[in-house]
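The two complexes that follow have chain A in common; it is paired with chain B in the first and with chain C in the second.
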Partner chain A sequence: MTKNQTIDDAIDKPILTVNKLNVVARSSDKDTAILTDISFNLSKGEILSVIGESGSGLTVLSKSLMNWLPSPLVASKGSVLYRGDNVLNLSTNELRKFRGKIFAYIGSDSTTALNPTVPIGRHLVSKLRAVMPEYSETQAQKRIIDLFDAVRIPSPIERFNEFPFQFSGGMMQRVMIVDALCTDPELLVADNITQPLDVTIAKQIVRLLYDLRDEFGTSVVFSTASLPMAADISERLLVLQNGRVLEEATPKQIVDNPGTNYTKALSERVPRIWSAKHTPMKSLTQKTILSVKNVSKTYFTTDPKAYFSKQAVKAVRGVSFDVLEGENFGIVGESGCGKSTLSRLLSWVEKPDDGEILFENKSINTMNSSELKNLRNQFQLILQDPYTSLPGHKTVGEIIIEPLKIHRSCPPQAYSDRLFEVMTEVGLPKGTEVSLPSQLSASMRQRVNIARAMVTKPNLLILDETMSSLDQVEQARLLDLFDELQRRHNFTYIFISHDLALVRRACSRVLVMYLGRVVEMAANEDLFFNPVHPYSQALLSAMPTLEKNRFDASKVLLEGEPPSPVNIPLGCSFRSRCPNALEICATESPPNSPIRSGQVECHLIAQDKNF
Partner chain B sequence: MLKAAWKRPQFRIGLIIIVSLLVLAIILPLISSTSATTLSIRERFAPPIFMDGGNLKHLFGTDQLGRDLLLRSLIGLQNAVFIGLVSVIGMFFLGAIIGMYAGYKGGWIDTILMRITDAQMSIPVIILAITILGVSRPTAFSVIVVLILAGWPTYARVIRSVTLTESKKEFVRAAKIIGASDQRIILSHIAPNILPPVAFIAVLDVARMMIFEAIFGFIGIGIQPPIPTFGNILADGTKYLINAWWITVIPGLFLFTALISLNLIGSTLESARNEALEGREQ
Partner chain C sequence: MTFVLSFLLRRLSQGLVIVLLVGFVIFSLLRIVPGDPVRIIVGPMATEKQVEEIANELGLNDPLPIQFGRYLSEITEGDFGNSFIKAKGGNAASGGKENAGVERAAVLDLIKNAIPLSAILAGLGTAFALMFSIPLGIAAGLRPNGLISKLTFALSSIFVSLPNIWLAILLILIVSTQLGWLPAIGYKGLSYAILPAIVLAVELSAVIVRALASSVTTTMQENFVQAGVVRGLTLQHMISRHVIRNASIPILNLFGAQLGGLLLGSLFIVEYIFNYPGLGLLTVNAVFQRDFPVIQGVAILTTAALVIINIMVDLISAGIDRRLQY
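Entry: the complex of A and B
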């Protein structure tokens, strides 16, 4: 650490130089290349984004910067120079001076990073004091609380004593940033940190990193799979494919003038929200197929603060909407807004406490079990996770024909004909019917899911985050498949999703949910070009996109997170995050005002006579 | 998994021993000139063949009434294995049905079934056995009933807890959505996923049940004489332990060998399964 004195005069020199780095997976007989000839420089206070698909070596690169490669990975050639010291040659003892103090690492899964039995603050204080023994206990506590404030964790003193499970994913990611920054590192490696977060929260975290860089002068290596996110945060991008650097460029160059076909494809794959034309299916008949009237659902959980009382989690609060035959209807919102509960209610796996759901003008509430079974024939839900939603011990063929057996839709001799018919329609090659789900890729499994849902020829399909586990290319392919199936069978789709780009492409009408309420419902064009509710505007401003966002994040982006559905504020539930809340919002729930193609719930609109 | 277990010598040894014992136990009484209950006062206390005075007619000697110990032990083994197997199968199915139903349904059904399980668990096996077998003449059937009653709660508890986690999984929700009945979901979606591991562990329980059968016989509440069981042969032999120790030792050795081989099979199956779960197989 003799170089510490020279930091000031070395300010223009790169602090980190990676030179022809090669990483291999070493087994007894051969080496498999994971990273090949990676070279780049990083100067002080710079944010460098490394982008690549999963499997391109992002995490391996992040870890090798700190000489933290798990076996059997070995850095076989090249060097990682930190101010002249080759990190790869240091022993574990010497590395201890670097890790924590000079390097800091944040991973993507923050929720399991801390011991659940130890309060958050204790973790950070003990880390800080281990790395910097000169801090006393009280000084360390003060510093952590100050940093909690700096990363905008609300009520930092109370949260200091809370446990990891009491933090949401976004808050936990902030804690991990504090954990990384509390020792004033010079280099922060952020490995895919925004991946598990909602768009609005991810955007907040990215802006936070940006601000912290300005404040503390930390250099950041930000690895991500999302090109818009990388373009948003950094001045320089490194494109990684199969462990090789394809291109190093500014975000502008990559969008306007990509150097390789891969980069070009990568940039074209990012959905264009405003500059492209989208024509989703609209209803031709205008006949209502599904009608949801004022449904509510409350769950009761034990109150952690009292022994015998229960607390009510109001997941869905009086939601009403109609879905027309043959249209694509979208339901969007952040996690925790009640989307999944709503999907469970729609698919009648759970019953609403209040309100009713009508399918083709018949109320599901009053149906007896045989009518209900009959209904399942016509109305199907496709689940989110292709890995867990298929029974692992059955073959694909058995899975697909199970609904036929249950509903006795056709004689047993016809099962195999129907099976092959459906398999061809969804694009499952012949021969897969005898394989187990574990032998198929994620998108193939999702096709099995679709085949199972449509084998009984339903009219209405609910897609609950069906696409969210697939990459962009597969998403596009499946969307085409859905379009085609819709044309052929006149399906009605309900897309439940947090992905606005998908909804923009696929849905003709969109409903925006916040804390179990419908805040805005509008036709696609209206919502994306001219949203009325401040929450819809905020969601749009947080969208990762390569175009110029029509909504300026600094004006409309939300701070904080949705309040807990246990303590929903009186009046307008969005008030606590709304940038233009009025006095009346605190006391009265906003009325439902019909506007344009839909409706909106906001005092601002209700009071503005122009609408 | 069976293949992985077969690769281990312990498994093969156990299987070979138990299979040859069973074949012997089934065939020898059929082809033998005498039977396990034929008395022959003149030949009583004949020692095994390897001792002075032993003869070929009674390879392992005779007891105090001159009955052939080899045949008696083999019939005892027949009874023990039969009771062990049937009672374990019985408690496995009873426990599986109650456990899966309670775990899947939840709510008050779960509460009631599990409280019944707790109540059953609180009665010690021996007390239960004395009560049931003491008031009526014990038969193989009543011994099996006692063992099933004593054993099912453990299975119900274990199976309920794995059912709880299994029934929260997405594919169960998917099955509900396609309209599958509760019965169908339990039998064709949940059972195939959770029962095999429990069944493997149940192999070890066969040995445990054989011990209980021997205990019942020993204290006189097992299958009644003259039908030989390990328990009542051992009990007879204790009176002559000093002069004719083989009456106790020979059936004891048979029981011991059978239990060891069953435990070898059970524990290798379990460890093979653990390896398969950790992905170390192949």
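Entry: the complex of A and C
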């Protein structure tokens, strides 16, 4: 079925018609509008994306399609018509015939969608049999296992008997897709399903959904906050703002010819990777400020399958790199690649099992506790979560000056001067010093975090996913702030992030991690335009962008997920997913080849004399 | 299976250490508290020489660690020593008469005779408590603001504040003496266990019903319950197959951590009031009579029982929720 035909069908006989739907939050004295006059049609086999920022009503819209509005939300006006029946008027009993059988729903938080104490297979079999009683127990099991195979869940029979907590986010989302599609529903509501996933996994899931739509002819309502993702998957887009439909158009129209300023801003805000100029700060002195030499860290956890033995989780395996004074150094990788462990090692919250870290040519390994305390004055860690990294019972002022007290950096009379100085620098308005963190927004809290880190005038700031809890507008503002602070104080930053767009925008040199190893390190331009390692290429191909991706996902995107850091394959750890693996990759670790501005660990490169 | 074996090995070895420690503490404390057991055995009329002889015979003049070591080595042979007081026939062997030489009852035998009776009482009490708390706790937990919930919580407040001694005497007075429905004192058959079991159940159910209700309420709020309904399952299915299963884990842990102790504690009191010849009555009497071997034996065995109950509880919990195996 071509896209044009699908749209024609939509005009002919839509299977779903949403007509002037209004949803309110009802309290005893008044109604607060959440959704206002939402109308759209959906035809058989069509994918419609609904895009909007958090707070725009995306999830409420998705849930109201299932007639699943938790109190105090009420559909006050309008209808959700499925082939003429208003879903909103159905009784609990009638709804049961709808949910699962005709409409299926997948939410963003797949890890809490199933009871963690019951094996995966049981959930799916009992749902299939509840919705389609004609299936016997064995038939249902067979169907689920076949579908697991179809959505490329490895070893489906074993996984059928495993428990939800043993599944990664991406695998769990595949399970939920099977759960939704095993009963051949006509409509699938996919509510922000890629949101918690890593880019390569999110891309896999979107492609899977797209293929399944072709196979089953299911209509899909795909809600997401990511415009590139929506443009990638759907035939039509609905732009939602403050609970109203602003615009309905094809992805091409939205990108090339947006109908409203909001849509235009939305599309402009999507980071441009290749078409924009980025000039992150480079080191002027070329002096090494932090030197990491072959550090490793292994954790031990209980192994339920062995007697008294622990299993070794090799989180960081022999990582080396230098950070130069005044530069922005990026460390990227997906979940489980070891970047958080590395940040704990860099900030000496934990000690490496092996290897050495030098700060300004002094080894941290051999420092005693008072030297270490002095050192902490000079480098600071800013954490990911602005909610849990601030003590809730202290005022912002107390939080920010606490490091001064610990390090006795200045006489107590000077505390308040320093406090206001720092607060002005990070953009905290006067008066916030008496607030509690809970009275501030996420981005304000993150500024408190930054102020606390800066107050002792450190040289090096380690930013561990500091931006990931903020929206793109706030991220941009904070990045500007970082630039300015850097110019003023000659800070060195280490950005640890999963977000390639952020790294592209902010960092002069970038290190790519996979399973605790550095697979490639290169200058920004080199990495984004000519990545050499197949993993770097795959990461870039999975990036949601509105420009044409320089890397074709169908050629370089990875299948599957990284192996567990407990069972790291022999030889090259990337071999199990590498599209071009050689024989030698199975037996020997790839050598470290210096290339251009950095280094790469790959047999393909080592054997290619052109580099 | 590997999990179960390594779990049991690890926990049983830890448990052994706990039992030994408790044993040693009890053993030492009993020898520090005032009251000379030999004097009790031989009576006030005996001469110092006789006292000394008996003390030597019983090994009470040796240093404490030696006494404890001897005690442990005897235990490994299944010998918990002999009662200072009780004669083999069951009558008291004390009183200062010439019968200090009467063969005294083995502690293990005394405990062996008492355990089945206590087990009947504890089992019956727990069964009554569960019969009452499970339906009410689940009903209250499903509708935390409903009438049943309010009544249940009020009732459990009353239950928890009733002194068991008062309740026991009241029950004896009304059900046994006035109405004549059930026997109350001693033990001649199962019907003798019913009244004391009710007293135990009242105390236990006050705790269980509250914990169960709040555990069900918390589980009902988990995302997977509503998500299951939207996936196409009925709410009844979600409750019977998932909510009750998950809500049972905190209750099991409560059993291990608190109820074991509570049950044993009240067993002692309740048995004493009803003169019910179980482990509790044996111990209370032994304490009054400074019957060290009996107290030690009971203490070690009940500690071991508590340790085993806790191990079982954790094992079952880990069977219900596999995450606990990690």
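Please note the rule applied: the second predicted complex is superposed on the first by the 599 of 611 C-alpha atoms of A that agree within 3 Å, B and C clash if a C-alpha of one lies under 4 Å from a C-alpha of the other, contacts with A are read in each partner's own complex, and residues count from 1 in each chain.
Going forward, contacts are C-beta pairs under 8 Å (C-beta built on N, C-alpha and C of every residue); 3 or more make two chains touch, one makes a residue touch a chain.
These figures come from a predicted structure and were not determined experimentally.
In the superposition on chain A, contact is made by A:Q380 with chain B only, not with chain C. Once chain A of one complex is fitted onto chain A of the other, the partner contacts of A:E402 are limited to chain B, with no touch recorded for chain C. Of the two partner chains placed by the overlay, only chain B lies in contact with A:H393; chain C stays clear of it.
Among chain B and chain C, the chain that touches a larger number of residues in chain A is C.
In the superposition on chain A, contact of A:L570 is made with neither chain B nor chain C.
In the overlay built on the shared chain, the residue A:L114 is in contact with chain C alone; chain B does not reach it. In the superposed model, A:A265 makes contact with neither chain B nor chain C.
By the touch criterion defined above, A:R452 reaches chain B but does not reach chain C.
Annotation: chain A has no residue touching chain B in one complex and chain C in the other. Those residues of chain B that touch chain A in the complex are listed here as 169-171, 173-181, 184, 189, 192-193. Within the complex, the chain C residues that touch chain A are 2-3, 5-6, 9-10, 222-224, 226-234, 237, 241-242, 245-246, 249, 320-323, 325-326.
Across the interface of their complex, chain B is touched by residues 347, 349, 372-373, 376-377, 380-381, 383-385, 388-393, 402-403, 406-407, 449, 452-453, 456 of chain A.
On chain A, the positions that touch chain C within their shared complex are 66, 68, 70, 96, 99-101, 104-105, 107, 109, 112-118, 126-127, 130-131, 163, 165, 179-180, 183, 301-302, 304-308.
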